[in-house]
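This is the structure, below, for whatever I ask next.
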Amino acid sequence: MLSIAGLAAGYGRKQILSGIDLEVRAGEIVVVLGANGAGKTTLLNAVSGMCRINAGRITFKGTDITAMRPDRIAAAGLSHCPEGRQIFQRLTVEENLVVAHVGRGGKSFETLREEAFALFPILRERRNSAASRLSGGQQQMLAIGRALMAEPDLVMLDEPSLGLAPKLITQIFQIVLDLAAAGISILLVEQNVRLALELGDYGYALESGRLRVEGGAQKLAADPRLAEVYLAGGDKGAVHA
Amino acid sequence: MTGIIIQQIFNALTIGAIYAMIALGYTMVYGVLRLINFVHGDLFMLGAYVALAGFVLLAPGGGLVWALAAALIAIAVFMVVGGVGVAIERTAYKPLRNSNRLAPMLSSLGLSLALQTAVQITMGPQPIAFQSLFPAIPLDFLGARITTVQIGIVVAALLLMVGLKLFIARSRLGVVVRAVSENRRTAQLLGVDVDKAISTIFFIGPGLGALGGVLFASYYGVMMPTMGIIIGLKAFTAAILGGIGSITGAVVGGFLLAFFEVFGTAMLPILTNGWLGTEYRDIFAFLMLILVLLFRPAGLFGEQTSEESMVMKRDF
Amino acid sequence: MAGPSTDGARAPGSTAESAPENAMVRNALRAGLLLVVITLVLVPFQSTYAVRVADSILIYVLLGIGLNIVVGYTGLLDLGFVAFYAVGAYTYALLASPQLGLHLPFLVILPIAVILGGLAGILLGFPVLRLRGDYLAIVTLGFGEIIRVLINNADTVTNGPRGVMRIDRIDVAGFTISRPIDFYWLLLVTVAIVAVIAFRLEKSILGKGWAAIREDQDAARGIGIDTTKAKLAAFAISAMIGSLAGVIFAAFQRFVSPESFSLQESILIVLIIVIGGVGNILGVFVGATVLLLLPEILRDYAELRMLLLGLLMAVLIVLRPQGLVPRSFGPDRLLAALRRR
Amino acid sequence: MKRSLLSLVGLAALVSTSLTPVMAEEVTIGAEAPLSGPQALFGVTWHNGIKMYFDEVNAKGGVNGKTFVLEQLDDKADPREGTLVAQKLCDDDNVKAAIGPFNSGVAQASLSIYGECGMPQLVFGSNPALTTQGFTHLFRPVANDFAQGGLPAKYAFETLKATKAAVIHDKQVFGQGVATIFTRDFEGFGGTVVSSSAVNPTDVDFTALITQLKSQSPEVIYLGAVMPQLALFAKQMKEQGLEAKLIVPDGGYTPDLAAQAGKDAAQGVVVSFQVPPMDASEPLKAFAAAYKAKFGEDVGPYSVYGYVIGQIAVEAVAKAASTEREDIIEALRTIKIDTAVGPIEFTETGDLKVAPVFLYAVDGDGFKLVASSE
């Protein structure tokens, strides 16, 4: 589905990622781990065309999307649920969905909206209220619902659990599992290592913008190098924050 | 006395309607690009000239033919000046989207100067008489003298503004435009063609401003190449007063500024016992603006956001 | 955010500091400086017209350096700078002309005008402290207009639209400064002094505070910078320089009237610093030269002049949005180029 | 389209004249005025008037073996630019005389520069103070504010029997100047000025002011301003039903007044002008027709004055002992010329010896003489 080879990327003159190889197969949940500042968010931004790519190649469903504009990438079926949710605060819940409906798969807006409401019934209740009045959890649901409006083949989730109550986290992750079961590939960036590896099929760990370890979820969970990533990265992160 | 007050209210409403139409263009562009589009005042001027060209070309007779021609001309003005707006955005602002915020503003100043002089060279610097879009019939109303032109202008402006509000609130493109103005990056991330949304704004804003120019020329019966400067500045002040970026704010700001001006002209000499004359009217309008901003630093309807400084933070 | 990459091999710009390129830049800077010095020395041997144009440019350089403190160093857009220019010009005009029958010496008026300018700067500074970005721009614009309209309307003092006529020449210690060439030397010395002061200010603690405000106001407050004081200082110092320029302008033209202090002048000064390169003293020189010479070169084209000027302005900005002289090419680099062999 | 065609014809004419062998001596006259910016209207049409006369003279092969070249320079109505223009003309030895500046402020800033280089200067600014400073190179072939503000006051009080007048001006040198004289004279006759207001020179909307004036019911309104404000004011007065006699200065003596105000609203508006009735003066009628043919537009507000200044300049050069600047100044000092607006002579200070002023009222499509200062 998605494959990244030899990626180096950053913002402006600052290079953050280098030598990244990564693969997401159809229907798979792949998790990206790493300490603060390891370059996880930059990785997702690089895939969706939001930062400067200095080297490497990104292909999605066999098409090279390395130099593509972000909106074209999204319209090609690669949805990105960005860090901090980025809900349009001044728009209503339903309008947030309208924006993301780019008419890709051919399903009408109403059908897709009903599908999203079926996943998150609370959104139906609050469909006409301003998004700024939603709670954090509801906003996260809206962000995921919104990402689904493009009928994506792959969804990238950037720390969906951040700042949420444990009960909500379980609910969100259950939906992630459901999506994967429905055939949508997931690329997940997550702080909560234990949960992420429970959920995912395969994992990558970043340290200072480079890949440190990768492997099947269970194998990775047991790998001692994973802990080092967090220890080393933690220090670095503290220094460069 | 009531006659005078009603008269003044109508005077203010007419000017306010025109200010509001132009202020909308400033506020919409600002909402998306954070840019003071100085060339907007000159697009307003261009609208009047395009309408004049339309009248010369069509040379409509009276009655229904006239009404039809006027409608056609209004549409043509909207399309032509809207197109010019989009072209300006593509050539002069798009390359500057990621540079410091002063750059596009000053590039718009340069274009403003160029556009003004270009019209002056081709059409001559002299004011040209303009036939009103509406028939001028004076109506006496509670001691006030109101013309059908005034009513026509207020009605036309209100219809256009309601139309715009509906478009922005209801249509998908309108929703997209709002999303882009709130967060361009995220909108793009969701598959929105941001360039298209920005073009939409640079089509509608100048289009409305140009129609404002036609209404203006209809009201005063005269147009000239430099007419955009002062009106543009006033409409911009109105947009700031209402809270730049807010559509409601632009409309309210336009009417409010007109009321300040009209009643300032009327009341200043009386209130200050002749000490301050009407020549202080503009000062009065600016002082009101400063006062409003002191209590509401982001204008009446503007959202108080932590805004970056005008000049670029980093220069990479 | 993220830490820097460990291998900077592909990072663009990392080679910019490499030796050969630096030497080239150094030579270019030296050549440029030589050219400037030659021009400055040659001006007096040109026609009076050329000297007058040079005087005009230098007055705008002075104004540009002043405005640069608020716009370039502190990052606040001031569209009413011309107000301070007017304060200085009218202070000199009223205290040294038949208008009020006062004929104070230049050296007495100069400090008065500069102090008045500073006070006007603080007066403007107060209401705009809370405002940001474009709101600040429009309020400063309004302030400029208010001052102009006040001058135009206060007939009894300022003679209104007719302006103040027959302003005294500058007489300092027996020397009369009246010919364009005299003003050329006076302006050259003044500009040099003011430029050095501005440069020193930029490098001072206060200058660092301004830079912090420019980058991020909230963060600046967070690290303990008194943003109120720093901003007021910026407004005051910038206004003092503007007022100083006004004094010289009034003495040079020997006539001041409200039309010299229109909004267009404010915008012209902003343009000077942006076309030259925001926040850069060298840029101010380049910007003022370009923007004042262009209309002179085009003067014979009458109506076409403004069309060409407008288009050139837009094209210049689109091609070089960061200005003709980038910020990194500040005077420090120039000095370094001169020192190093 | 029409315009560009016309200018093509004009160009062809220009080329054909310049192709004829040059026998005559070319004399360059500098002319400065605002040719760009908000005041370009006045400067451009004023210059067109000068250009017209020069072209006429050159087409006839010049005067006394001299042909005339007009060097037009734009000062944007900015005093600072004016000083540069003045210096530029001064430094150019080919320039024998200067016409301009158009604005009093620009003139004041550059008077001494022209004076120092001994340039014969035909200034247009109407501020009376310009000619009181002892400059000997300076001539003003146009009435100053005293002449233009006085007659309307007399006319209002004596002929119209008005006792209540409202005075409005645009807070510019000219507008305020004539309005002040009107007020002084009208009150001197015993009339009452019920209100005195100023508007911005850029204002186009006077409805609020007019509504306020309505409650003061003046019989006469004197408006010291320029076009297009004069037309706009007349139009808005009519729309709001303010019944009073509107008197305006010379800028209103143009067909534009009726075109822009609307024929109805313009009827009866009284305009002061330095020029005797059009019908009585054949050159003037011819001028209006020729102007339209040459520039493809109606005569501008000050085109006639431009033409007259052209006449004066040419006459001075023709009569001068040589084309040296001081000789031209000498010639101007003693000049006696019958121009399109009547005979002109200068006083010691350079003002017009006789500055006749005529009052016209808009009548139908034209102007009708209602009073004169003679």
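Order as written gives the chain letters A, B, C and D; numbering starts at 1 within each chain.
In this text, a contact is a pair of C-beta atoms (placed from the backbone, for glycine too) under 8 Å apart; a residue touches a chain by one contact, two chains touch by 3 or more.
Quick caveat: nothing in here was measured; it's all calculated off a predicted structure.
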Path length in the contact graph (chain A to chain D, fewest steps): 2
Farthest-lying chain, centroid of Cα atoms versus that of chain A: D
Geometric centre: closest chain by C-alpha means: B
Between chain D and chain C, distance of the C-alpha-averaged centres to the nearest whole Å: 38
Separation of mean Cα positions, chain C and chain A [Å, integer]: 49
Centre-to-centre distance between chain C and chain B (centres being mean Cα positions), rounded to whole Å: 32
Overlap residues in chain D, where contacts from two or more other chains coincide: 36-37, 40, 44, 171, 198
Chain A residues counted as touching two or more neighbouring chains: 13
Touching two or more other chains - residues of chain B: 117, 120, 277, 279, 282, 314
Residues on chain C engaged by chain B in the complex (per definition of touch): 71-72, 75-77, 127, 130-139, 142-143, 145-146, 149-150, 152-153, 213-218, 263, 267, 270-271, 274-275, 278-279, 303-304, 306-307, 309-318, 321-322, 326-328
Partner chain A, residues of chain B touching it in the complex: 172, 175-176, 178-179, 182-183, 185-194, 303, 314, 316
Contact set on chain D toward chain B in their complex: 3, 36-38, 40-41, 44-45, 171, 195-200, 202-205, 207-209, 211-212, 214-215, 227-228, 231-232, 235, 239-241, 256, 259-262, 297, 300
Chain D partner contacts - residues on chain B that touch it in the complex: 4, 7-8, 11-12, 14-15, 117, 120, 122, 124-127, 129, 136, 138, 145, 147, 149, 220-222, 224-227, 229-230, 261-263, 265-266, 269, 277-279, 281-282
Chain C to chain D touching residues, read off their complex: 47-49, 52-53, 56, 152-153, 160-163, 165-166, 180, 249, 253-257, 259-260, 295-296, 299-300, 302-303, 305-306
